[in-house]
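Two complexes are shown next, each including subunit A; its partner changes from subunit B in the first to subunit C in the second.
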Partner chain A sequence: MKILVIDDEVEVGVFLCDFLKRLGLEAEKATCGAEALKMFALVNPDWVFLDLKMPDIDGLEVLRKMKEINSGIQALIITGRDDELSENEAHSLGARDYLIKPIDLDELRTKIKKYILNT
Partner chain B sequence: MKITFWALSGLINGITSTALGILVSSKNRKNPLHLTFGLTCLSLAIWSYSYFFWQVSDDAKSALFWCRFLMAGAIFIPTFYFHHVCILLNIESRKKKILILAYLFSFVALILDFTPFFVKSVSQKLWFKYWPNAGLAYIPFLIIWFFILWYCIYILRAPIRNTIGAKRNQLLYLFFATIFGWLGGATNFPLWFNINLPPFGNIFISVYIAVVAYAIVKYRLMDIKIAFTRAGISLVVYGLVLGLPFIVLARTRSGLLATSLAVILASLGPLIYRFFQKKAESVLLNQQRHYQRILLRAAMGMVTEHNLEKLSKLIVYILKRTIRLTFAAIFINERNNNFYGLKAMRSSFPIETSKIKFGEEHPFIYYLSKNHEPFFFEEMPVYIKDSFNFPLKVSIIIPAFAGSNLLGFVFLGDKTNIEPYTEEDINVFKILSRQAALAIENCIFFKESQDSQQLMFAAEKLASIGGMADGVAHQIKNRLNQFSLAGGELKNEMEDFRARNSELIKNNPGLEKTFDYLERISHSLVENVKRTDSIIKGILDFSKVEKKENFFSKFSLKEVTDLAYNLLMVKHEIAQLPITVELGGDDNIYGIKSQITEAIYNMIDNAYEATKEMQIQTNKQDQKSFVPRVEVNLVHTNDRHLIKISDNGIGIKEEDKNKIFAPFFTTKSSYKSGSGIGVYVVKRIIEENHKGKIWFVSAYLKGTDFFIELPKGN
Partner chain C sequence: MQNTQLDYRKELEKAAKRIILIHKVDTLVKLLLRSIVRFLNIEHANLLLYDQGRNAYVAHTSKGKAGLKIPKGFTKISKENQLISYFTKMHSQIIKADYLLFSHIGNIGGQLQNEIRDQFVVYNAMACIPGFFREKLIFALFLGKKKDGHDFTDEELGFLSVLSSDAVMAIQNANLFQDLNEQLLKNKELFLQTVFALSSAIEAKDPYTQGHTERVTHYALAVALELKETGRIYGIDHERLFDNLRTAALLHDIGKIGIAESILNKEGALTEDERKEMQRHSDIGAKILSGVNGFYEPILGVKYHHEKYDGTGYPDALKGQNIPFIARIISIADTFDAITSTRSYRKALSRQEAVELISEQSGKQFDPVIVEVFLNVCKKGKI
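Our next item is the complex of A and B:
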């Protein structure tokens, strides 16, 4: 299972990638929309963990583009934006879940087990 | 019975004294000034009526009787008058001995009056059939009698020299009237001693009474100069108008000529009078009219001044300088205070002015509510003058009303040139007071609109900061996220290490301890992140102004109190609050969540602040330690929720109880405590939007219980 972590904060990517590797998953990171799309084409991940607030393109727009390239892509939104509107839009674009920062790694582990590891 | 001119003079004197005596004493029966004048008039009346009856007597016996009776009246006249003058000059206590002597003298003379030692007999003198003859005791009596009279005039001289203004005017009237009247009355005495001088001056006594009554009753006296001038002009003009036709009649014996002349002169009379009066007064009043013009011009300039301080100073400056006064002071009620404070004063002598004010309940203020026009200080009732608290002698009071609202008032001292205030002055003040009221209202309105503008700016600033709340929260959430990830990863890394190196750790208890400790640290990190997050969430939720503000729903009161708790921790910057929440099993209530949240937050905040104030109080008094307590309870009945917020704080004072729900009312001075609008808003939320009820039970220093009742809904 390959996961692409997209967040404009570098350290989020570092921590989450290490975390995912501990769980036995492959993980790559990108820090902006453009880079994310480049990596998407390169890595061809199964899942993306996606922040919505990004310097160049909005996260949902990135998700939309990714869906165009690969409609089967699974997404987990990890954002500080706590409003219903964005959540609904994310779900309508096919995101599996919508998590609000700050993230508790224990909770994230539970979610990953549920969606990805199916245990 | 022949009614002669002399009899008539007695009757007229009697009628005038009776009428004026009643008029003056009925105006203020308790005032000793009026009373003594009334007594003087009474003795004068007795004297006058007896004079009349004496003059019309047909036989010697009744003539003698009436002579004695009229002397009974005459005996007391100077004594009562002397008493009156003493009261007027405020020297009653100093002259007590002389007063007692005078009364004693009068009573002795009264006893003697009905003996032949006083009035021996009556006999023919000149054309009077029954004129009295003096007895032995009469001469000494007369001497003392005249002495008292002279003494009255004597004690008037010094005060006249030493007083200024209206009082001086009053005394001058009295002085001249006394001399005039008594001289007139004294024309009666020569004939007693066989000096052939008829009592022609008798009628002047009425003149004297009239003038004295006028001087007492009317405080707004015409300037005595003007009075004399008018009297003089009247005499001349009407003397001519009446006299010329008579002279013509006497000389030419032509009735036609005389009558036509009379008619012409009678029609011209008033015009001539007015012409000369205006001329005379324009000369006398020139100086006054000059400053009255200046004042009126200044009045118009006042309205352009928007600063209340400057306006007040301007008003007193203009008044003092233009009219040349000893002082001018202005009091204004600002911002619905419950008192009128001294706003500005200009005075020839320095005075401590900071503490001078009149409370709204002061009898003087009540008096002003009944008197909207400028008036003399002396006109006020004695009890108000006595309770008056002002270091200088006030002469004129000018109230400034806007409609029925007393904005303030001006005090004026005496004019420095000793002149009294005239009717014209009063009229100018009337105009001035209206202009001043307008100008003051302008200033107050201006200040209020400035203040509300400042409030608007402040509110705008807060609103914009509130608008940034989302952005700030977002930034902080990102940082918190880092902490959370970092803490979580720290824990993960250590767990992995432990798993991979269990042998190493088992053999190294020190290492185990370190790892345990590090795990604790990471746990603490993550936990604190969660706590911070919930506080931020609470603030954000609270600050959101959602469109669905009026949305009724069922929600948990616990959520609301938790949120309130968090907010209060933020507001008061402490970690723990003495707040207990007992909501029972079912804490669901029905209402508009955001508004109930605001209401509960406000009430708990107030309760907590009350306990803080109580803490300060007990610290001041070194009492045993105080344990603050705030409790929130919830009870349900069939159709209502009842929320109780109780505290053991400072409680509400009796005089504040009916102001608690008023907007902008607050007993707190701390800037953090807000504008005082909290409880007012809560009441509106509960009563208007939820159709509920809010009330409280409280006692000062004993604590407060607030009750909020909400109707159950579905």
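Our next item is the complex of A and C:
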């Protein structure tokens, strides 16, 4: 299972990639929308972890474009408080689930286990 | 071995002493964590600080290996989490838990231990140190494994808990200091609003001076800024000078409240007696303000803003540097605005004419250094 972590904060990408690798998953990171789309084509991930606020392209726009290329792509939104959204909204945007920063790491791990590791 | 242990103890003790002096929580916690990571030789340390707004412990500072460092504000642990409850519960007992080791979680038993173990796993921690202020848990500090693979020694753990209580005190101090500063700022704002209200009272009585106070304050502060930027202010705290000057300039004519309206608003020239009566406004202003605590310097500005550098001014005919600094600045600002404004008894001078007049009065009516600075400010278009 390959995951692409998209967050404009480099440190978040570094940490989440390491976190995923410790759970036995493959992970790559991108720090803006343009880089995310490039990486998406390059690594063909199964999942994206996605921040909605990005300096260049809006996170949802990025997700829409990815779905055009691979309709089976799964997404987990991890975003800041300002752009709080409801579960329904997250679903209608094509995301499987969402977490609001600051996130509970244990909750993230539970979601990863449930959705990705199927344990 | 004994020696290295003593070394890190000494270093950490030094760090603890330093942090007490730091009034910024961020700087303080960074310094603390850097010292711990370096001297205990551990992979990483993550501190989660209690955030009142979120009612949770939020990632505040991380030091160590890149992938293990948690970005500030990225993660949280809820106050209801079992790990937090465990520390809080243990803290109320006689034998307190100064730390919790990953290898000891099994001893806790029950359902609790799973949730606690999970937190250790996601933070990749071998130990967690709580930071208590009285009954309140202020922070949780997660420590990664030692690079040499050894367990923490009892001595290290004991020392970490001492350091943790020092850190709590320092954080409490820093927070108090921050609160105090915020309170001071609020008071300052209230104070300024009061001064504004007072100063508009003068203009209500003397319509000719409409806008005068504000302009004089603006000019005076522009001159003071130039004095500061050209390195001509020494021996005085700049911020205090600016505060005092602003207050004095806003209130320089407050004494006019005590002058009869028939004189204040008279059309045409004043008689000798009327002029003398009018001149009392600087003294009256000083008296009005004399009841306010800590107003010593602004009062000097109010009282002496009509003194002249050559000693021919009023009320005390002070000369040269004997005239308080603030008063010398207000004097130029006040005169410049008066002669560039229209009065019932005369027309306004043009800006150029006014600048020339001020320049002529250098060393006579005004302090030559301040005149020079004033002319510079005019040239720069700031007045």
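As a convention for this text, the second predicted complex is superposed on the first by the 109 of 119 C-alpha atoms of A that agree within 3 Å, B and C clash if a C-alpha of one lies under 4 Å from a C-alpha of the other, contacts with A are read in each partner's own complex, and residues count from 1 in each chain.
Everything below uses one rule, namely that a contact is a pair of C-beta atoms (placed from the backbone, for glycine too) under 8 Å apart; a residue touches a chain by one contact, two chains touch by 3 or more.
Just so it is clear, the model here is predicted, and its values are computed rather than measured.
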{"item": "Which of subunit B and subunit C A:His91 touches, first, second, both or neither", "value": "neither"}
{"item": "Touched partner set for A:Lys113, first subunit B, second subunit C, both or neither", "value": "neither"}
{"item": "First, second, both or neither for A:Cys17, with subunit B first and subunit C second", "value": "second"}
{"item": "First, second, both or neither for A:Lys53, with subunit B first and subunit C second", "value": "first"}
{"item": "Interface residues of subunit A shared between complexes with subunit B and subunit C", "value": "9, 11-12, 15, 18-19, 22, 101-106"}
{"item": "Subunit B to subunit A touching residues, read off their complex", "value": "473-474, 477-478, 480-486, 488-489, 491-492, 496, 526, 529-530, 533, 537, 540"}
{"item": "Subunit B partner contacts - residues on subunit A that touch it in the complex", "value": "9, 11-12, 15-16, 18-19, 22, 53, 80-82, 100-106"}
{"item": "Subunit A residues within the subunit C interface of the complex", "value": "9, 11-12, 14-15, 17-19, 21-22, 101-106, 108-109"}
{"item": "Subunit C residues within the subunit A interface of the complex", "value": "54, 56, 58-59, 66-71, 73-78, 115, 118-119, 121-124"}
